[in-house]
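See the structures that follow.
Each of the two complexes below includes subunit A, the first together with subunit B, the second together with subunit C.
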Partner chain A sequence: MVQLAPHLFNGLTLGLLFALIALGFTLIVGVMEVLNLAHGSLFALGAYIALTMIDPGWAQNTALGSFWLGLPIAARYAVALAFAPLLVALAGMLLERCLRPTYDKAPLYGLLLTFGAALVIEELIRLGWGTGERHLPVPGAINGAFFFGGLIFSKYKIFAALFSLAAIGAVWFFLERTPYGAIIKAGAHDSEMVRALGYDLARLRMFVFGFGAALAGLAGIVMVPIWGLRPHVGIDVVIPAFLIIVLGGVGSFWGAVVASILVGLAVGVTGAYAPAWSLMSMYLLLIAVVCYRSRGLFGRKSALER
Partner chain B sequence: MKNLRVTRRGLLGATAAATGIAAFNGPWRFNRVYAASTDKPVKIGITSDASGQYANSGASDRRGMLMAIDEFNAKGGVLGRKIESVHIDTETTPATGSRVAERLISREECGFLIGAVSSGVANAISQVAQKYGTIYLNTNSSSPSESGENCHRVKFVWDGNGTNFAKAAVKNSIDNFGGKWMLLTNDYVWGHTTAAATRKLVDEYGAEIVDEILVPQGTRDFSSALLKIQQAGPGVVSAAVGGDDQKALRQQVADLGMGDKPAWINNQQDWPDVYGLPLDNLFGVFGTTWYYKLDLPGVADFVKRYQAAYPDTSMRVPGNVFYNGYMATRELLRAIERAGTTNNIAVIKALEGHVMPAVERMQHHDAVVDPVTHQVQQTVYLATANRGSEDPDDMFKILTNSSPEVVQDMGAQSACKLESYADTPTLDV
Partner chain C sequence: MPTLSDISPRSAAWVTPPMLVLGFVMLSAPLWLGAVGLYQYLGIEIAIWMIYALGFNLLFGYTGLHSFGHGAYLGVGGYAFGLFQHHVGSSLWGGLAAAILAAGLAGVLVGAAVSHRRGIYFALLTIAFGQVFWFSSIKLHWLTGGEDGLLNIPRPPLDLVFLEVPLGDNLSLYYFVVAVLALAILALWRMVNSPFGRILQAIRQNEMRAAFVGYEVWRFKLMAFVLSAMFAGLAGGLFAMAQESAYPDVMSLHQSGLIVMMVLVGGGLVSFWGPVLGVVLYFVARDVLGALTETWLLWYGLMFMAMVMFRPEGLAGVLHRLRRRPEPGATPRPAASEGA
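Up next, the complex of A and B:
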């Protein structure tokens, strides 16, 4: 007989990880109304940059390299966690610069451009880091397993879930409790008014895209010690992220978080009783919700519904 | 009624017209000749994955084929004709595999198709190949169904299959780790057929399978499955999980420290899936058909040739996937030479029953192309992680080798019904 409690706990941690994956995606969709199909490639890019920062094998014969490699892995991991997403943010800003000509065109243009960017980034990763499977090392303190209730759980997965919780809190605080967040939200609500108030809308969009890309990169660094690292690892990200924002309601921050947890619970619990349906369960959940509430759980009513 | 007169001129004209129509529409309509002049290159279509779940293995497979083609071209080609290859990405997707096969045969006019890692893709390609009579070498997919119910006259299967590997491992594992087993199975054709083969053997040896966990392809989080395994507490878990799913599984099992208990039987371990990973990720025992450190004649030279051909490849030594790609292509080209023609039926006959000496295949036992199933019956090795090694490339420790007779898949023998020669369209390239 399968005990449900461990699977519920597992589903909850899985949901928090899904939320981390969807965070950057939902920010860019919500504020800029751009479906960033390069989200998965930026996710992978973040992980590969972190890999180079943590374990720069090519630099071991240089003085700086040997000093760096002499530092404990926890220090190198922390630096990678802080700085690799910033480099991904730069890549995201560059991508936003390319996207600008598409803003006044049909959404398909932006969609195709980000799709192309995804392919280019993935290919650049192959060229730069090779095609094989890589391993992102993590500090010993969060590696390995612990026993609870007679079962083995992964320390790293708990760390990743808690980190995800902290990231959700930080992003919420930034958007809701800082003046910059207020400008971003205002830009999403009425961009012309924001421009009229003297804010540089182009710079704002570039910042938001960079921020969303940094979150994608951050998610990559946190997730690949669980999923493994390969150039196309980002493919596994875009579909759940897209599903989560539709389920939660496009543009809704808390909608994305709640949807992520529901998806995690659905996948986790289905995994206990009908594992063959575990991936399918998230799609069934989406169908069930959208059938009764087409705008998603927390989505705003459209003009036709009012 | 008008009186009909049959004249000699009319009769000759009618005969000529009937011959012309019959040439295109008669019972010979399947016959095709692509390159009538013998100075034209022999064109091989490479149907390996360059994206999706098996992209990395697909690249390794392709390198093996290309090295064999280059070596033949360096010797003057085959039957005095240069060999050319065209590659189209099959995307680890059966539907794409069908499209690619159609295109390579119809538009690119390839006379032979080579390559597959996914059994679903291989099956899709082989259906198209059989329709046209194009010889197809399934290099690296190892579902028992490929040489069983999905066998075809034009298809030859070069890898060991799930049953071969299970036969090499199951009895030994029951003796060592007990009779309480669980199956962890990828929910697609290779997973199902491999698990079925394992189940049959476990039943045969009197052990018990307490549960089977089906995991969909594309699963990246195995925590639910690993919790279920812990709750059931089996002595052995037999996993038929492949590609990126397997990489994620290995990472998560290693992280939980579950690699030693329960005992894991990983049906087959493809070299590109584990190369460069920490040895902790390489838990349990697993099957393979070849290893670059086998102490056999020719192996060292083969490794050198690989390194000379691919000096920039991150995989510094060849693995089983490369080996299968190379061997399949080399044996096809040798079969064409033995047949003295590119006629498909003649080449098929040259391959069927062909014995390949152990020394030429760098294995411990002679191999043979089974004329009943078209699967290469070959040595199967059981291996585990080589934990004492200083050399980062030397990841496997070979535990046993089993001769082809010991691990032969008898189920495939009875399930395979090859099309007759007459029902296979003839083709000459």
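Up next, the complex of A and C:
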């Protein structure tokens, strides 16, 4: 009998990390009914931008660059964590601008356009940062491992899980407890009425897409020290995000969170018994659920079914 | 935007002008491929991918079911062909039959689960199943050779009872693949212009109405799925033969997305011939742009994005529009409501 507790714990942290990845994705699906296949590429873009911010090798000869590199890594990491997602948000807004012609067409076109965008962003990353595996430095305080109850834990994983917990809470607060969140949700529910009330729908959509992209970038910065940073990391990421959204029900916030944790637990527990097949379990989980509940766990009817 | 159901001139004919043009181009290709800086093997690849794309469009364009995991059946076909050669016996017909049957069987299994779904849920489930096949092909090392692939697949000779043609060199294999392509095109052309093909198109245009007319919609969706999987399996078998090996790579989401891109760029949503144009464009872009720049996928991706934004009807749609000059005073007829 394999000892299950550490695997459950592993699965839970993994689930929280999946939730962080899925947050931006579910926001864009829920509000704009666009399945953003470029989500994973924006995730990678965020991590690469953070990499350049933390360690701008080319700038070390300039005065500003040497001052910047003189700062402790924790400060540089914090700055990157705050500002790299904003740059990703700009990229997301640009992508939203490209998506506009597809709004009055079948959902397929939005899917296809973002698939093309994913290819383009991945190639741009290859151009800008090379094709090799890169390493995102993290502050020493959250690096390394510690012992607890005779088991070894990675500090960074704990940090990442707590961070995603905080991010889930912040996004929930923003959507449910602020007037902006109310407008966004109203836009998802009845866009015509929101427009009739005098809100600029085009700007709202651009903002939501930018916000979703920023969350993708944020997830990228937090995740890549665990998963590694390669140009094609995007495709490894977008698929779990995708599965989680469908499993949880398209457009459902808590559905996505619950599904993430389920997927994390499934992967973690399968990892205990058949490590080679652990990633397979999420596909099987999805197929099992969706064959019985076509709209996922918490899904409602949406325009994407047309 | 015109639809597939609008453009079918002389649909009752067995042979149409585009077929003759394609036949002429494909048959004469070995004479000029080298002269324009390309090579014979590329011709084989293009012809195989044409079979794959045309079969895929039966599902994607005609039935309006957007599968994003179709590479799985290409892969299954390839492995079935290779395993047949390794474990049963060296036979061309046996291998191809195994490829078609195995892909068809996989299609039945997946199709039974997805044929009640529509829209984005259909696409998502096909992605999930595609990933399962891809993942299995990597992990089932004893069967598929894992990431190294299934190697040393022979090219068995073409056995026509009274004569045997070796297919070892690329030229003879090319002509064999073109012959298979011709048969596949004839079969698909008859299929889409048969009552069966009409029902598939009716399902695309309005699934509910098709059901109300009395068709059991999911059965037809399943049939379209299985048929298109079988064409993919055939292409996979031929591809394994051409490569003399089979790899999991063709089953990845990336590759399954590329076939969707090819079909859409070519105009598979508006014309039977769209997939053919798309495949040619993709492979020529890969080789010509790829020779000029390492980042050819960037340019191909940008072109694809522009196409989706401004010309979603694809190459075939643009050609159609150019050929049919607007008649003076003609009012455009209201677009048919597409449930796609």
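In this text, the second predicted complex is superposed on the first by the 299 of 306 C-alpha atoms of A that agree within 3 Å, B and C clash if a C-alpha of one lies under 4 Å from a C-alpha of the other, contacts with A are read in each partner's own complex, and residues count from 1 in each chain.
We adopt the following convention: contacts are C-beta pairs under 8 Å (C-beta built on N, C-alpha and C of every residue); 3 or more make two chains touch, one makes a residue touch a chain.
No experiment lies behind these values; they were computed from the predicted model shown.
The superposition on subunit A brings subunit B into a clash with subunit C.
Judged by the touch definition given at the top, the superposed model places A:98 against subunit C, while subunit B stays out of reach. Judged by the touch definition given at the top, the superposed model places A:156 against subunit B, while subunit C stays out of reach.
Of the two partner chains placed by the overlay, only subunit B lies in contact with A:14; subunit C stays clear of it.
Touch criterion met: A:228 reaches subunit B, while subunit C stays clear of it. By the touch criterion defined above, A:130 reaches subunit B but does not reach subunit C.
Look at A:191: by the touch rule set out above, it reaches neither subunit B nor subunit C.
When both complexes are overlaid on chain A, the residue A:276 reaches subunit B and subunit C alike. Contacts of A:117 after superposition: subunit C is touched, whereas subunit B is not reached. Clashing C-alpha atoms with subunit C appear in a single stretch of subunit B, chosen from 128-136, 164-172, 362-370 or 380-388: 128-136.
Put simply, subunit A uses residues 276-277, 279-280 to touch subunit B in one complex and subunit C in the other. Touching subunit A in their complex are the following residues of subunit B: 51-52, 55-56, 59, 187, 213-216, 218-221, 223-228, 230-231, 244, 247-248, 250-252, 255-258, 272-278, 281, 314-315.
Subunit A contributes residues 2-3, 6-7, 10, 13-14, 17, 130-135, 143-145, 151-154, 156-157, 225-228, 230-232, 236, 267-268, 270-272, 275-280 to its touches with subunit B in the complex. Subunit C contributes residues 66, 113, 116-121, 123-125, 127-129, 131-132, 135-136, 139, 253-254, 257, 260-261, 264, 295, 297-298, 300-302, 304-305, 308-310, 312, 338-340 to its touches with subunit A in the complex. Subunit A makes touch with subunit C in their complex at residues 35, 98, 101-102, 105-109, 111-113, 115-117, 119-120, 122-124, 126-127, 235, 239, 242-243, 246, 250, 276-277, 279-280, 283-284, 286-287, 290-291, 294-295, 304-306.
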